[in-house]
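Sharing a structure, written as C-alpha cells. Questions coming.
Letters A, B and C mark the chains as written, and numbering starts fresh at 1 in each.
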Amino acid sequence: MLFYIYIVAITAEAMSGALAAGRRNMDMFGVALIAFLTALGGGTMRDIILGNYPISWTQHPSYVYLTISAGLLTMLVARYMQRLNRMFLVLDAMGLIAFTIIGCNVALSLEPKYHYSTLVVVMAGMMTGVGGGIFRDILCNRTPQVLRHELYASVSLLVALLYLGLKYIGIDENINMSVSFVVGLSIRLAAIYWNWSLPVFSYSPNKWQ
Amino acid sequence: MLFYIYIVAITAEAMSGALAAGRRNMDMFGVALIAFLTALGGGTMRDIILGNYPISWTQHPSYVYLTISAGLLTMLVARYMQRLNRMFLVLDAMGLIAFTIIGCNVALSLEPKYHYSTLVVVMAGMMTGVGGGIFRDILCNRTPQVLRHELYASVSLLVALLYLGLKYIGIDENINMSVSFVVGLSIRLAAIYWNWSLPVFSYSPNKWQ
Amino acid sequence: MLFYIYIVAITAEAMSGALAAGRRNMDMFGVALIAFLTALGGGTMRDIILGNYPISWTQHPSYVYLTISAGLLTMLVARYMQRLNRMFLVLDAMGLIAFTIIGCNVALSLEPKYHYSTLVVVMAGMMTGVGGGIFRDILCNRTPQVLRHELYASVSLLVALLYLGLKYIGIDENINMSVSFVVGLSIRLAAIYWNWSLPVFSYSPNKWQ
C-alpha cells in the first residue's frame, strides 16, 4: 500500500514543483529539474546525510522518468488544474505522510552500518517529508513556504513520532501505518480547513546583527 | 586533449563566477568562493550524489588554486573583458561539453562499486555540466539562469546521449570525443546565434497553491 | 576547553539563526530549522565533502536538542537581546575560531582513510567556520552576509593557517590553541571596531554575460 501511495505522492509533488517553475517562467529543462527535485530531493538529502549509498533513486530509474514526465505533462494541463485544487491538497498530505514513514524506515534500515538514535530517525523522516519543497523554493528564489505555513512540518514530526512509538510498542506494521495515515491526514486537513498554524516569530531589523 | 580543455574550461567558469560575484558587490573572499564553486561545484555535487569519495578536487589542489586565482585575477581585468565576450561564450560552450563527458565517465568508472544505469550516467554528465552555474546563481541570490535560458542544459543532455551512444556501439574514444565536441559546440553556438530556446512554461499565480 | 567554547558557540550561532528567521516571519519550525542549520550546517557540509560518515551531529543528539532549544528560546527573549549585542559579537568570534580549529582536526583525523592535502584541511576549517552562516542566508533568501562583510572568512583562513603552522612545527596543542584564539579574536574584534574589510569587487551589469 505504501508503495502505491508513494508513486501517487511523487507524481503530485512533481506537479507542484512544475507549477512553481511555471510561475518563474522557466523552460522545459527547468520544469523537469524542479519537478524531479521537489519529488525526490528530500530523499536525496536524507540519503546523503545518512550516508545511505547508493542513493535510492539512482537504483530506480523509473521514479526519475515518472517525476520528469509528470512535470512536463503539467506544462500542458496546468490550465485545467485549478479545479483539482482540493484533490491536490489531499494527495500532497498523503505524500507528506508516506515520505515521512519511508524516511524513518530508511534510517532504521541502516542500523547494521551506522547506529542512528531516535532523534536522527525522526529527522530523516521529516527531511524526506519536507526537503523537496525546500529545494523547490530555493531554486525558485523564494523563502521556503514550508518554513512559514500552516502546520506542515509539524504534521511530519507528529507522524514520525506516532509511527515510531507504535512500532516500539510492537503494533502490527499494517495497523501502525493505517493509524499514522488516518491521524496525520486528519490533522493536516484540519490545519488547512481551520487555518491552524504555529506561532510565528517576527523580529524587526535593527542595529543588532 | 580533454585534460587541456578541462583546464581552460574551469578557468573560464571561474571567471564567469567572479563576474557574477562582482555584480553583487562581494568582497575578495566571496569572489574566490563563487569562482571556485562555479568551476568545481558541479563536479562536487556529482561526486556527492554518486558516492564518489574522496571528491575529485580534494585530490587535485592545483585545480582549487587555479580557480581561485582566476577569480581574483578577474577583479583586476574585468574592465577589459567585455571585448572578449565572444571568446568567452566559446570557452564556456567547450567547458559545458568537456564537463559533461567527464561527468559521464566518472559515473561509468564507479561500476565495480555501484551499478548506475544509463539514465544516472547521463544525469551525472549533466550535473557536472550545469551544476556550477546553478550554485553560482543561488549564492548570488537570483533564479538560476540555466533554468530559463537558450539551449544550454539541453546541449549537455544531447552531448551525453551522443557520447554514450557512440561509446556503446564501440567507436574509438578519440573519434567519439571529437564528434561529440563538434556536434555539441555547433548546436550550442547555433542556439546562441539564432536564439534557439526550449518552450517556456509561464504560469500565473492564483489561488492554487 | 575547546569543547566548552564549542557548546557556547553553537548556542550563539543558533540564536543568530533564529533572529534571521524572525526577520522573515518564520514559524516555530522554521526558527528551529534555521537555528540548527546555522549552528551545525557548516560541520554537516564539511563531513559530506570529506566523506566523514556518520556525520558528527548524528552521533551527538544533545547538540541537536541544544541548538533547537536555543533557537526556540530566542523567540521569547529576542526583545531583550539588543543590549547583549557586544557579548554576541565576541561569542560569535569565538565560535568562528573554535569551528575552524575543529574543522581542521576533523580533516586531519581522516588521514588513514583519505589523504587530504593542507589546502583541503584549511578549506575544511573554513567550511566549518563560515558554512552555517551561508546556509542561514540562503534559506532566508538573502545574499550571504559572509561574502560581503568585514573580515570574517579571512579570520577563519588566518586561524587555520596559524593553527596548522604551529602544529607543523611541533608546538604543544594547548599553547597552539591559546595562541590561535588570542590572535584570531584580536583580529576579528579589531576588524569590527575599525571596520576593516577586504577589497570589494563591484561589476556593473552590461551586455557581457
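The rule is short, and it goes like this: a residue touches a chain if its C-beta (ideal position, glycine included) is under 8 Å from a C-beta of that chain, and two chains touch if they have at least 3 such contacts.
Worth saying up front: this structure is predicted, and the values here are computed from it rather than measured.
Engineer: Determine how many degrees of rotation, between 0 and 180 and to the nearest 5, align the Cα atoms of chain B with the equivalent atoms in chain C.
Structural biologist: 120
Engineer: What's the call on chain A versus chain B, same or different interface residues, using the half cut on shared numbers?
Structural biologist: Both copies, chain A as well as chain B, present different residues to each other, with under half of the numbers appearing on both sides.
Engineer: Give, as an integer number of Å, the spacing between the C-alpha centres of chain B and chain A.
Structural biologist: Their C-alpha centroids are separated by 29 Å.
Engineer: Would you give the residues of chain C that are in contact with at least 2 other chains, written as numbers and ranges?
Structural biologist: Each of 48, 138, 141 in chain C touches at least two other chains.
Engineer: Under the touch definition given earlier, write down the residues of chain B that touch chain A in their complex.
Structural biologist: Checking each residue of chain B against chain A gives 48-51, 114, 116-117, 119-120, 123, 134, 138, 141-144, 146-149, 152-154, 157, 197-209.
Engineer: Which of the residues in chain A end up touching chain B in this complex?
Structural biologist: 16, 18-31, 33-34, 44, 48, 53-55, 58, 61, 64-65, 74-75, 78, 81-82, 85, 88, 138-141
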